[in-house]
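Note that chain A is present in both complexes that follow, paired respectively with chain B and with chain C.
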Partner chain A sequence: MTVLEDLSVPPRDAGVLPRAVSRRERWLRRLPLLPALIYVVVVTQIPFVVTLWYSFQSYFWNSTAPAHFTGLSNYTTVFTNAAFRDSLVRSVVMTATAVIAAMILGVALALLLDRKFLGRGVVRTLIITPFLVMPAAAALVWAYPMLDANYGLLNYLLAPFGVNHVAWLSVHALASVIVVMVWQWTPFMTLIVLAGLQSQPPDTLEAAKVDGAGALATFRELTFPHLRPYIELGILLGSIYLVNTFDAVRLMTNGGPGTNTTNLPFYLYQQVNNAFDIGGAAAAGVVTVILTIIVATFALRMFARVFQFEEARG
Partner chain B sequence: MSHLPFRPRVLGAAGCVAALLAAAACSSGGTTSSSGSGTVTVAVVSNPLITSQMVPLTRSVFEKQHPGVTVKFATYTEGDLRAAIEKDVSTHSNSFNVIMIGPYETPLFAKNGWLENLSTKFIAKTPSYDVGDLLPPIAKSLSYKGGLYAVPFYGESSMVYYRKDLFAKAGLTMPAHPTWAQVQTFAAKLNQPGKVAGVCLRGLAGWGDNMASLDTVVNTFGGQWFNMQWQPQLTSPAFVNATNFYVNLIRKYGEPGAANDSFNQLLTLYGQGKCAMWYDATVAATSIAGSYPSIAAKTGYAFAPVNLTKSSGWLWTWALGVPKGTANEADAWKFVSWATSKTYAHLVAAKYGWSAVPPGTRTSLYNTPQYKKAAKAFAGITLASINSTDPLHPTLHPAPYVGVQYVDIPQFESLGVQVAQQIAGAIAGTESVSQALKTSQSDAAAYTPQQLAGG
Partner chain C sequence: MTTLSLRAGRRGLPAWPRRAGWAVLAWVVAIAFFLPVLWMVITAFKPESAAETWPPRFLFTPTMSEFRLAVTGMGPFLAHSVAATVGSTILVLLLGIPAAYALSVYPVPRWRDGLFFFISTKMLPIVAAIGPLYVIALHAHLLDSIWVLVILYTAMNLPLAIWMIRSFMLEVPGELLEAARLDGAGRIREIRSVIMPIIMPGLVSTALICVIFAWNELFLAINLTVTNAATMPMFLISSVPQEGLFIAHLSAAATIASVPVVLVGWTAQRSLVRGLSMGAIK
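After this line comes the complex of A and B, so read on.
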């Protein structure tokens, strides 16, 4: 959301603010913002500083040895630990696959929903529903009634086609988790793309029709370029949320079998809840933060460029 | 537009995302309940004997008898329970007045000074509690330096449940003391893919889940976790053989989706007639009798299968302990002593029948004529299984650790889960047994023998 606000700020040389504002005046103007700012600092930055402090400590919940300073050893462990690297890669794979699949489905559904047909309102509501279901509830519904090897609906439906008792959550664990992520996030993508479609000026489409462009050409040359910023926004927001996926992993596969579905949030959770290694988990958390900042910086810059281009054009 | 004014905000936004991530990782299930006067908060494992007996009986009997005391239950699955309790007692948050722990936790917690010594603090002043009545192996497993630090709610070993009707139809006879080779032969003959699994076994990752079963197989195949020098033995021939045997047995003749199954799932499967044999905790007999009477009528019971040793059952008990320094210790003990008393058995019997009584803790139960009659089919084998376990000498060859289906060191909490995940991966078929054990061996080798021995 910050992205959008940032970009709506007029360029600094637009001259909205008079230059001659006293220092006191500037602080007075900021005053109403301070409570919110202080709140944000308290709930986000102080925990982060505490995490940073813990990351240099050897601190185990299951040992009576008091927490003590260990220098960089927690970080050395993080960087040499194959489990951390694997979960990092898995997080990237899960997020990228889910976001791209959700976006493709989202575009397809949005294109369909953009047409007029009987009962469109009902269909729209139905399509949005998965996004409104609590992630934990969705994960449980998928894990047991849908995908269970013995009682699952999917196996029941596939049985006539010779598919027998497939243990989806063991054999296709990663794919199952990704399917649930896609199922939950497709509506969000649909909504964003639909908003884009509805803001498309009808006269350009008409002009294309008059010029004799087919449906495919119209989509490629007009609709898609128009949708691009919407798609990119959807991908950015979807990635920010999906990279944090925890509910589905915890409740459907518990990170397994083996470590097949252990992503970064689940790895951190395990470091705390199974290994009771507070220092190690904190260090892994800090490394995650740094990586996220790097990725986010690049992503946001890219988007800044996209939107600048849009502004220049509009 | 210059990028300069943009950057701090980027960092801010990214920082928020990151802080959220970190917060999500750290704040899993924080319990905020404080122990106000008269309230006893009990952390328990979700298990039919607790959720459908202990909880309602507490409401209808205990709270009526002790009007000043309110009992609050926090119910967890086994793995979550361990994490919640460990977090609570080690950080001295004291949100639980009573915790449900087992032979793994009790001595370790007692050594760390996290538990009240129930013997000196309460039992000595409560002669009616009759501590001498507790089954010796169970009481021993909950003791530290001669004092009881937790008292058993129920106790269990492991055994085989089998369907007498299916065995008869296939012309097979189950011996009272089967070998694993026999179990495999039977499973091969009884397995009907899609209808009935030859043998149902635990596959869910967790040291109290799939590793509990597998460890008993490893022990009877002559394997062990560590040798006397505390060097990990997970790639020794015996450990590899046992694991190969177990994993192949599940993959060939086990239930589909085994890598997600543990006690509760298997109880349902067996109860619905989807297993010809089932190797699990002896306490399952009580649950089968209570929830699936028609299957119970067709069920036969045999001792834990063996290979090189004479017996191979595990020993476990879910017991109640009182963390040190919590408020309301007197009320906590009132609840603990009530839930583990002889009278509790009578309360359960009156409401749910004698065969539903929590088994495996008191000698007197096995001398009660009504219980002997109601639980005739499995009372004897349960008692004999529990009495045949030896947590001090669990393995064929000498081992430096205590525990049949666990290694009683603090590191096992994490190591056990890591290995369990690898085994679950092998059961699901996402990696080979040798790969899984190689990874496990290097996980175990991450600790020095000194660390392990000093633990």
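After this line comes the complex of A and C, so read on.
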């Protein structure tokens, strides 16, 4: 039986409300949490504080000149620089397209896998494999053995349909990168939606059948509303991971042709590794973090809602 | 309209051809999805001359030569990947188990805020801080060392692990904890002899999820390491030369790099969903 966890119910000893416990007890409880909390604060928050600091500095790590304060000039560059804006927009487009496509495919595959048939376990195993392949390996296998213009398997498979040695990575670069993102993340969506499907109470479906509801009506009226929190969770988690897509861009197209596939992670990578511009990358990073916080605030609220949906239903 | 035609279809066809149809469709889709992986493995067994042909060759004498060639330079990369993956996963468990305990069994005040703080760090794009991270690592003499990867992979996986382990701890029956308490067991003993044995399978699947993410990570590795700590994904990049034939070689390297995590994932299928949803789906 699969259920979404209910965060609204206090864990374990509900009788003893945390507020009512003694001072000593409260510290005893905090103690095991502290190492992890301190670790995460130090490792994940300090870099961002340093980022904020460097965003006001002119600092090129390949030059011997020490970092010095430049006021808002890095930010002026970020906001007037089309490259940053373009990479930001491209990140949003890539993530949204890939997440939505992967989710649509994921729902379809989950519906297929929800039936009983010969070799269902094997089919499930085959379908989750793309998610497990190392992203760098996936990117390279797609870039060369699969999509190569001269020897690629895809051109061979599509030849009967009139496709003639298409150089996918230069003609359809963005689409190719998105295809690989979708290929890798569809299994993730499938697993989450499948868990949702299998948690559907069978008696309601049975009742719908008895009442003479068609398959489509049953899906629209019963299954889809039930799947909603699972779909939301999949979209949320998928976005968190896919917005950081770097491997496919770096290894398939190297951001090109031109800047056609340069998303934000790749742009920042270039700023640091090719332009040696720590200050500029930091300012771009700060703007990215501020935008992320705005999006994450909504995402966290969604998270809380998704995790509490059992209560709402009960 | 649709409903009607669907029902007509149901009446028109007996049950088994329809079911066979769905099964065939599922198999076709699964094979299509698996095809790139299969092609990678097939190409890996080709001699280089048979890998770059038009039309692609499906019949050839399989050879291990590209595997042998790929393995020769792989040693250090493999060692670095194993060290970073195992090191960070152990650290995640050491920090994560007590934290999950403090958020579930004897919850701290405002445990919910704690949980959401951890998850919110997963949303901050690490890419945004990559320049300063580079500078920090440089000054801390951590650049191009395994430690920088261990430290960062731990931070990357810890939130996920805490959520997951917590969800397993919540399943420990309250009566068992009650009984242990009545027996006068202290908290340490309660963790060691009651909670740990029960959540052990959960801990294993948590560790596996952490292994998958650490093993596959490239962005931090490529930015913060060069040779002394370069990992398997970077080994793959090095298998693409500037010129010459390399598709079979690349496929062999990609196969070797992917196999550990694919096998781990296949065996841990059941807990994969739970791990990926951070314990939200059981």
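Just so we're on the same page, the second predicted complex is superposed on the first by the 281 of 314 C-alpha atoms of A that agree within 3 Å, B and C clash if a C-alpha of one lies under 4 Å from a C-alpha of the other, contacts with A are read in each partner's own complex, and residues count from 1 in each chain.
Rule of thumb we're sticking to: contacts are C-beta pairs under 8 Å (C-beta built on N, C-alpha and C of every residue); 3 or more make two chains touch, one makes a residue touch a chain.
These figures come from a predicted structure and were not determined experimentally.
Of the two partner chains placed by superposition, chain B and chain C are both touched by A:V272. Judged by the touch definition given at the top, the superposed model places A:A304 against both chain B and chain C. By the document's definition of touching, of the two partners only chain B reaches A:G256; chain C does not.
Once chain A of one complex is fitted onto chain A of the other, the partner contacts of A:A281 extend to both chain B and chain C. In the superposition on chain A, A:T44 makes contact with both chain B and chain C. Of the two partner chains, chain C is the only one that A:I127 touches; chain B does not reach it.
Once chain A of one complex is fitted onto chain A of the other, the partner contacts of A:R23 are absent, as it touches neither chain B nor chain C.
Looking at the superposition, the partner that touches the larger set of chain A residues, chain B or chain C, turns out to be C. Shared-chain residue A:T292: touches chain B and chain C both. Legend: residue contacts after superposition of the two complexes on their common chain; A:A149 is shown touching chain B, with no touch to chain C. Of the residues of chain A, those at positions 2-3, 11-12, 40, 44-45, 47-48, 51, 61, 148, 150, 240, 243-244, 246, 264-265, 268-269, 271-273, 277, 281-282, 285, 288-289, 292, 296, 300, 304 touch chain B in one of the two structures and chain C in the other.
Those residues of chain A lying in contact with chain B across their complex are 2-3, 6, 11-12, 40, 44-45, 47-48, 51, 60-64, 148-150, 164-171, 173, 240, 243-244, 246, 253-260, 264-265, 268-277, 281-282, 285, 288-289, 292-293, 296-297, 300-301, 304, 308.
Residues 1-5, 7, 10-13, 18-19, 21, 26, 28-33, 35-37, 39-40, 43-48, 50-51, 53-54, 59, 61, 109, 112-113, 115, 117-120, 122-138, 140-142, 144-146, 148, 150-153, 156, 183, 186-188, 191-192, 194-196, 213-217, 230, 233, 237, 240, 243-244, 246-247, 250-251, 264-265, 268-269, 271-273, 277-279, 281-282, 284-286, 288-289, 292, 295-296, 299-300, 303-304, 306-307 of chain A are the ones that touch chain C when the two sit in their complex. Those residues of chain C lying in contact with chain A across their complex are 2-4, 6-7, 19, 22-23, 25-27, 29-31, 33-37, 39-40, 43, 51-56, 95-96, 98-99, 101-112, 114-136, 138, 151-152, 154-155, 158-159, 162, 166-167, 170, 174, 177, 187, 212, 215-216, 218-219, 222-223, 232-233, 236-237, 240, 246-247, 250-251, 253-255, 257-258, 261-262, 264-266, 269, 272-273, 276-282. Remark: chain B residues 1, 3, 5-7, 9-26, 28, 79-80, 83, 86-87, 90-91, 108, 112-113, 193-194, 203-205, 255-260, 269, 274, 410, 413-414, 417, 421-422, 424-431, 436 touch chain A in the complex.
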